[in-house]
Amino acid sequence: MENLIGWLVAAPLLGAAVLLCGGKRLDRLGHWLGTLLAAASFVIGAVLFLDMLGEDEHHRAMHQHLFSWIPVGGFQADVAFQLDQLSMTFVLLITGVGTLIHIYSIGYMEHDERRRRFFGYLNLFLAAMLLLVIADNYLLLYVGWEGVGLASYLLIGFWQHKPSAATAAKKAFLVNRVGDVGLSIAIMLMFTTFGTFTFGPVLEATGETSEGKLTAIGLMLLLAACGKSAQVPLQSWLGDAMEGPTPVSALIHAATMVTAGVYLITRSGAIFNAAPDAQTAVVTVGAVTLIFGAIIGCAKDDIKKALAGSTMSQIGYMILAAGLGPIGYVFAIMHLVTHGFFKAGLFLGAGSVMHGMNDEVDMRKYGGLRKYMPITFITFGLGYLAIIGFPGLSGFFSKDKIIEAAFAKGGTEGWILGLTTLLGAAITAYYMTRVMLLTFFGEERWRNAATRSPNAPSAEPAAETRGEHAEPHPHESPKSMTIPMIVLAFGSVFAGGLFSVGDRFVHWLEPVTGHDHGDSPLSATTVTLSTVAVLIVGVSLAWAQYGRKPVPVVAPRGSLLTRAARRDLLQDDFNHVVLVRGGEHLTRSLVYVDHKLVDGVVNGTAASVGGLSGRLRRLQNGYARSYAVSMFGGTAVLIAATLLMRAV
Amino acid sequence: MNPVNYLYLAALLFTIGATGVLLRRNAIVVFMCIELMLNACNLAFVTFSRMHGNLDGQIMAFFTMVVAAAEVVIGLAIIVSIFRSRHSASVDDASLMKL
Amino acid sequence: MSFPLLTAMAVVPAVGALVTAAIPAAQRTTAKWVALLFSLVTLVLAAVTLVRFDPDSEDAYQLTESHAWIADFGVRYELGVDGIAVVLVALTALLIPFVILAGWNDADPPASSVHDKHDKHVKHEAADEVVTQGRWRPTQGFFALILMVEAMVILSFEATDVFLFYVFFEAMLIPMYFLIGGFGDRAGQLSEEETATQRSYAAVKFLLYNLAGGLIMLAAVVGLYAVTADDLGTGTFSLQQIAEARASGQLDISTNTERLLFLGFFFAFAVKAPLWPLHTWLPNAMGESTTPVAVLITAVVDKVGTFAMLRFCLQLFPEASKWATPVILVLAVISIIYGALLAVGQRDIKRLVAYASISHFGFIILGIFAMTSQGQNGATLYMVNHGISTAALMLVAGFLISRRGSRLIADYGGVQKVAPVLAGTFLIGGLATLSLPGLAPFISEFLVLVGTFSRYPAIGIIATVGIVLAALYVLVLYQRTMTGPVKAGIEGMPDLKARELTVVVPLIALLVFLGVYPKPVTDMIDPAVGRTLSVVDKQDPKPDVPAQDVEAAK
Amino acid sequence: MTTLAAAASTTSTGEAVQFWVLGTVAVIGALSTILMKKAVHSALSLAGTMIILAVFYLANGAYFLGVVQIVVYTGAIMMLFLFVVMLVGVTAADSLKDTIKGQRWLAAGCGLGFGILLIAGIGNASLKTSQGLGTANAGGNVEGLAELIFTKYVFAFEITGALLITAAVGAMVLTHRERIERPATQRQLAERRVRAGRQLPPLPAPGVYARHNAVNIPGLLPDGTPSEHTVNATLRGRGQIKDVSREALAELAALEQRSEEWLERDGDAEGGPSKERTPPARNGSAAGNVGGTRAEEEVT
């Protein structure tokens, strides 16, 4: 049974290899192959899951050792897998959602001539992501870590002929690379500290080491997590990443890859538990991002960017939860899973809307679409209710638990965190309601929005193929797209309940992450009530602003905060001014220095030698008499010398 | 008076001769200067032989003369042939050593 | 006395060079095939050597050969390979066929070259070329020189006699000089004359730099002889003898002498493996020469420098090496960052790769002088991987350049749309250069970093910045050339041809394989590195909480 | 006896006087050798110096050498020099202004330093005692030398002889002009001249016919100006050309003036003409003849 673990990765990897190397002859059925292999890996995951359920909960972890990877002196890295409950959760989420999105993409990418390659990349992503979660040591995890980075790079830049896409892809990879540096340094620290970087030994050995080292490791891991999970200060790439095709945004930048950071922190729980300072850092990052993302989400008019903002803030929740230690790990993962469902659903819904609206992304040019695309409306709506935490839906359970845990952290810290999370919940409710209202309710602004700017921020090339007509004809998407949405909608409705009834999920993960209920200053009910209260506040605010009065097609100038938020709270400008400009100047000047200084010194010496020899050459003027002079002078010198010697 | 004075004279003549070699451009004159130097040496030899009271110095002078004769013969011959080819007896005109 | 495998491996290409050069001007193609054939034979021999080599045998050098050469000066013709050398020899033998294949048309008379911008110019220039240098046979010369270089490089990898090594270390320069100065890719933005002057400038610069290094080294070599002559009675150049004498304490060099000698050797090697600030010859040389030659320079010839640091600097002068370590490490780190930053600033594809190589050589040297098993294993592995990855990237870049006839990044754009395979291979080469996990260079780079970090944390951390910068210059290069709207002059650019694919695909396959399963190579290298470290008597720093012990405790 | 005395180690005052006087002269001669503009003058002053040296040899008891010096050097070698000077036909004065920059000062400096060094050397060499040649020359100076030459230095002597012979042969070889190609025939020469395109006819003879016929006098062109081609290049080089074109014209002018006078006093013709005719006759030149003929006409 354990030998199956490898196949989780192998199947999609095989698919990627075949699809990318296969060439044109695979164009016809390439997408089916890709989907099939994704599904296959889901089936394997399911089988392993059942098998795992068979075991008693403390011996559920499975291991598979393939081969010794880098055996160098004391440095022993193996290609070995570890599949415990935590990994299993991810495996199911990744393969499940992944498969659905493969199916969705069949319809979505129908008109793209490079669909085969798209599926190749998707498979590559699945492989890397699975490797990331089932690796049994940090180095192998690192491979998956960068692998998903590569896949995301390829997929964001899938429409490479669009400079914006190419740039966004590059940005994403670079920012991630910064995070990766953190991870690699963390690994080095582990190696120097523990002499190994396999999960088991490292996490067991944490007790013996100084807290300082652990804090350092923890912070480095946090840096990595920030990069991958788009947390402040490395969040800037996520918004641009929306340049990629919508399924990609749904799979990679909502459901799975961006949550890798949460996985990393949860996986390294032991380290963080032993390093409170690192935990504080984690919590702070989470809290900041939570609000940060939410604010951005409120201001964006681009539907995908708005959702991206919300992703940021939701992951902020998870990171925060993970930062709370044993109180929070379980809920972090739980929220991660539910979020995987409803956010993927929302994105697919958004994709479906754009599909029907000639790839218009500006929500101000939507409106009243519920009549035209009912299925999308319903699924999207369920997703919406889930994310704002409407009682009974999955988002409610997971988020509520996180808020509780935040309070349970105790002390002023607990209060701050708790209130932050509550505020976050309110804002979430606000901006999601905004999205909902702008898209599906109100009058049909796309009618009078006669002409759209030919190049909308993320016009997808498919649009050109479909031809630009002044007025879009909203229509429901094909089955291949709606079915996955429906499935995900189910997930987003019931998953939460399923997990939290009788704390199933807690018990499931406890052996891996450990769990304890903190001592919450507030009772669960009060928290729940307050959550609902802020939820209502948020919704009603949004209703007051967008539901009652008509929405201007052209965005109003808005307050300072709004404008800042539209520009991702000036993060990009900062990067541009400080990093890009500065970098350019640095390199330019260095090129100059290299040419003039380092090279100049050498050339200078060469020139001087040449000049000297030129001067010496003049002495050889070919006149016998001047040679005679030198001879004569030489003789004189000799005589002088002899005389001196005799004198001495 | 001490015969050493002859030596001083010889030195003086030798130096003059040498300077002449450096100064003049006419090959023939240069040759004469060389002769002058040789003669100065001869004078020195003779003086030495007188001081040491044996004739070896004079023998040396004798040989010097002979060799000088031979040298002059060849040298002048060379000058003549050079003059034939280059229509000039100037030393500087023969500055062919420079590329 | 068994079959002299090592000698054979050097003799075959040398003979090949002579044969190729002897082929009459008319049969250009035959010359190419002959050259390829000989290089392949060498490759086979190298394979045999790899098999015959026994990683875990006791003695330092295997397959040794030893004959008296210049008895009066104790110079012997001594060959022998340790794990490191054998791997590098194999690398050389492996790369040369690809270089030859890649340069298949580079040395043809320009008239026949596919070319767009200087076309007329080149044609008429070719015409009078035919007129003027009637019997000059560029093609034959090109391939003959390449084989010559191969022979010399292999010998200098195998030589265990310092003097013998020195001879080939220097002799290498001559064919390289002609390769750089004689054959340019006709892709300069300037007129033919200007490019010619540029090329000769580059060639002379290359020669002067390396000669300067070499001469200083010569002084050191003589000094070494003098020292051994003093202590052992009879002077010797043999690595083994000196090492033994050192071990037995029979030979003890005074600290200052040792340091001076070390510096003499190191300077030469630092020039060869361009270490900041001695690097400036590399961009010119690589920029002006044809891509195969550029590959030859950076992937093969420069390796001799780093290899020699490992074999000679460390083993002959352990104490001095330790003494110089801090400075060298700093220089190496500077090389890493500096090279990467300049790569970002380049406008010329080949120069960009050149600066990237400088950065990578910084990593190699860093690994060597970190004096940890990870570091040195990583460094050696790095030599191999860097050879392969740079070859892949550079050769693809060469194909690209030959298509467009320009080296400027600005002239490209949207290639990915017209020539997807080319773009794909280019991307993979680039990803290898930025050492993406799963491709070979990642392992070596990570090993170097770990090795450095475990002894010098600060330096290790600074070096990791190089990773980000690498990503930056590679991706910027890829974005500017391959993505975006199709630039003028790119439309209708043909995709990779069969010959080019045969060059690139094996390299990429190798990259992936070594990235996933480097064990065969590391098994070769590890014992040799262990031996080197024992000579320097350095142990890896122990982890403060060995996790194994913890488990044992449980 | 006196000679022996002169050869004695203690130098007599007479010798001292001789030394100071002749020494000065010798130095002056040497200086003029290197300072004279014309090679001939240098040669002569050198000869003078050598004779003085010969005297000094004698004074130092080297009778044989003294004689040899006079005979060989002053007699043979210097004459050889003079011959060469003449042969080369020295483009006489080679100016002393130096072609090589600073050469003169360099040379002077070197010479001075060198001289100082030499003299200093001799000065601090301990050469106080000097036993004369009395004993050595006891059996006669020439015999003494002969004894040495034919015993101790015999090989050197023989070799020197060989050297001399070689030198003689060498001189001959060098100076003997080897004909490489057949001498050009007259036709070839003519053709060459035509091809060269200058001076087709043979060079004009020197001298002004019937008046001057010396080689150093250029012939006159029709317009009365002297022609360069008529005189030997060497002479021209030496600047030893005697230009007579002016005086011929002057004489013509004078004659005309005189004939004026003739025409004035026509009456008396007795004896006068004979007296008058002499001056033109004195210089038997063309002008003179003209004058003469005219005179005869006048007579008849």
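Each chain carries a letter (A, B, C and D) given by its place in the written order, and its residues are counted from 1.
As a convention for this text, contacts are C-beta pairs under 8 Å (C-beta built on N, C-alpha and C of every residue); 3 or more make two chains touch, one makes a residue touch a chain.
Here is each chain with its UniProt name: A = NADH-quinone oxidoreductase subunit L; B = NADH-quinone oxidoreductase subunit K; C = NADH-quinone oxidoreductase subunit M; D = NADH-quinone oxidoreductase subunit J.
Nothing here was measured: the structure is a model prediction, and the numbers come from that model.
Peer 1: Under the document's definition of touching, what chains do chain C and chain D have as common neighbours?
Peer 2: Touches both chain C and chain D: A.
Peer 1: Report which interface contains more C-beta contacts, comparing A-D against A-B.
Peer 2: Of the two interfaces, A-D and A-B, more C-beta pairs touch across A-D.
Peer 1: If you average the Cα atoms of chain A and of chain D to get two centres, how far apart are those centres in Å?
Peer 2: 109
Peer 1: As a quick test, compute the distance in whole Å between the mean CA positions of chain B and chain C.
Peer 2: 67
Peer 1: Could you grab the centroid distance between chain A and chain B? Build each centroid from C-alpha atoms only and quote it in angstrom.
Peer 2: Here the centre of chain B sits 99 Å away from the centre of chain A.
Peer 1: If you average the CA atoms of chain B and of chain D, how many Å lie between those two points?
Peer 2: 20
Peer 1: Which residues belonging to chain B are in contact with no fewer than two other chains?
Peer 2: If we look for residues of chain B contacting two or more partner chains, we find 18, 22, 25, 92.
Peer 1: Would you mind listing the residues of chain C that make contact with two or more other chains?
Peer 2: none
Peer 1: I need the residues of chain A touching at least two other chains; which ones are they?
Peer 2: 621, 623, 625, 629, 632
Peer 1: Under the stated touch criterion, can you name all the chain pairs that qualify?
Peer 2: Every pair of chains in contact is listed here: A-B, A-C, A-D, B-D.
Peer 1: Quick one: in the complex, what on chain D touches chain B?
Peer 2: Where chain D meets chain B, its residues are 7, 9, 11, 13, 15-16, 19, 23, 26-27, 30-31, 33-34, 39, 42-43, 46, 49-50, 53, 56-57, 60-62, 64-65, 68-69, 72-73, 76-77, 80-81, 84-85, 87-88, 90-91, 94, 96, 98-100, 103-104, 106-108, 110-112, 114-115, 118-119, 122, 127-137, 141, 144-145, 148-149, 152-153, 156-157, 160, 163-164, 166-168, 170-172, 174-175, 177.
Peer 1: What residues on chain A touch chain D, complex-wise?
Peer 2: 621, 623, 625-626, 629, 632-633, 635-636, 639-640, 643, 646-647
Peer 1: For the complex, which residues does chain B have touching chain D?
Peer 2: Touch residues, chain B against chain D: 1-9, 11-20, 22-26, 28-29, 31-33, 35-36, 39, 42-43, 46-47, 49-56, 58-59, 61-63, 65-74, 76-81, 83-84, 88-90, 92.
Peer 1: Under the touch definition given earlier, write down the residues of chain A that touch chain C in their complex.
Peer 2: Going through chain A, the ones touching chain C are 20, 67-75, 79, 139, 142-143, 145-147, 150, 153, 157, 160-163, 165-167, 169-170, 173-174, 177-178, 180-181, 184-185, 187-189, 191-196, 198, 201-202, 204-205, 208-209, 213, 583, 586-588, 590-591, 594, 598-599, 602, 606.
Peer 1: Give every residue of chain D touching chain A within the complex, in rising order.
Peer 2: Residues 99-100, 103, 106-107, 110-111, 113-114, 117-118, 120-121, 124.
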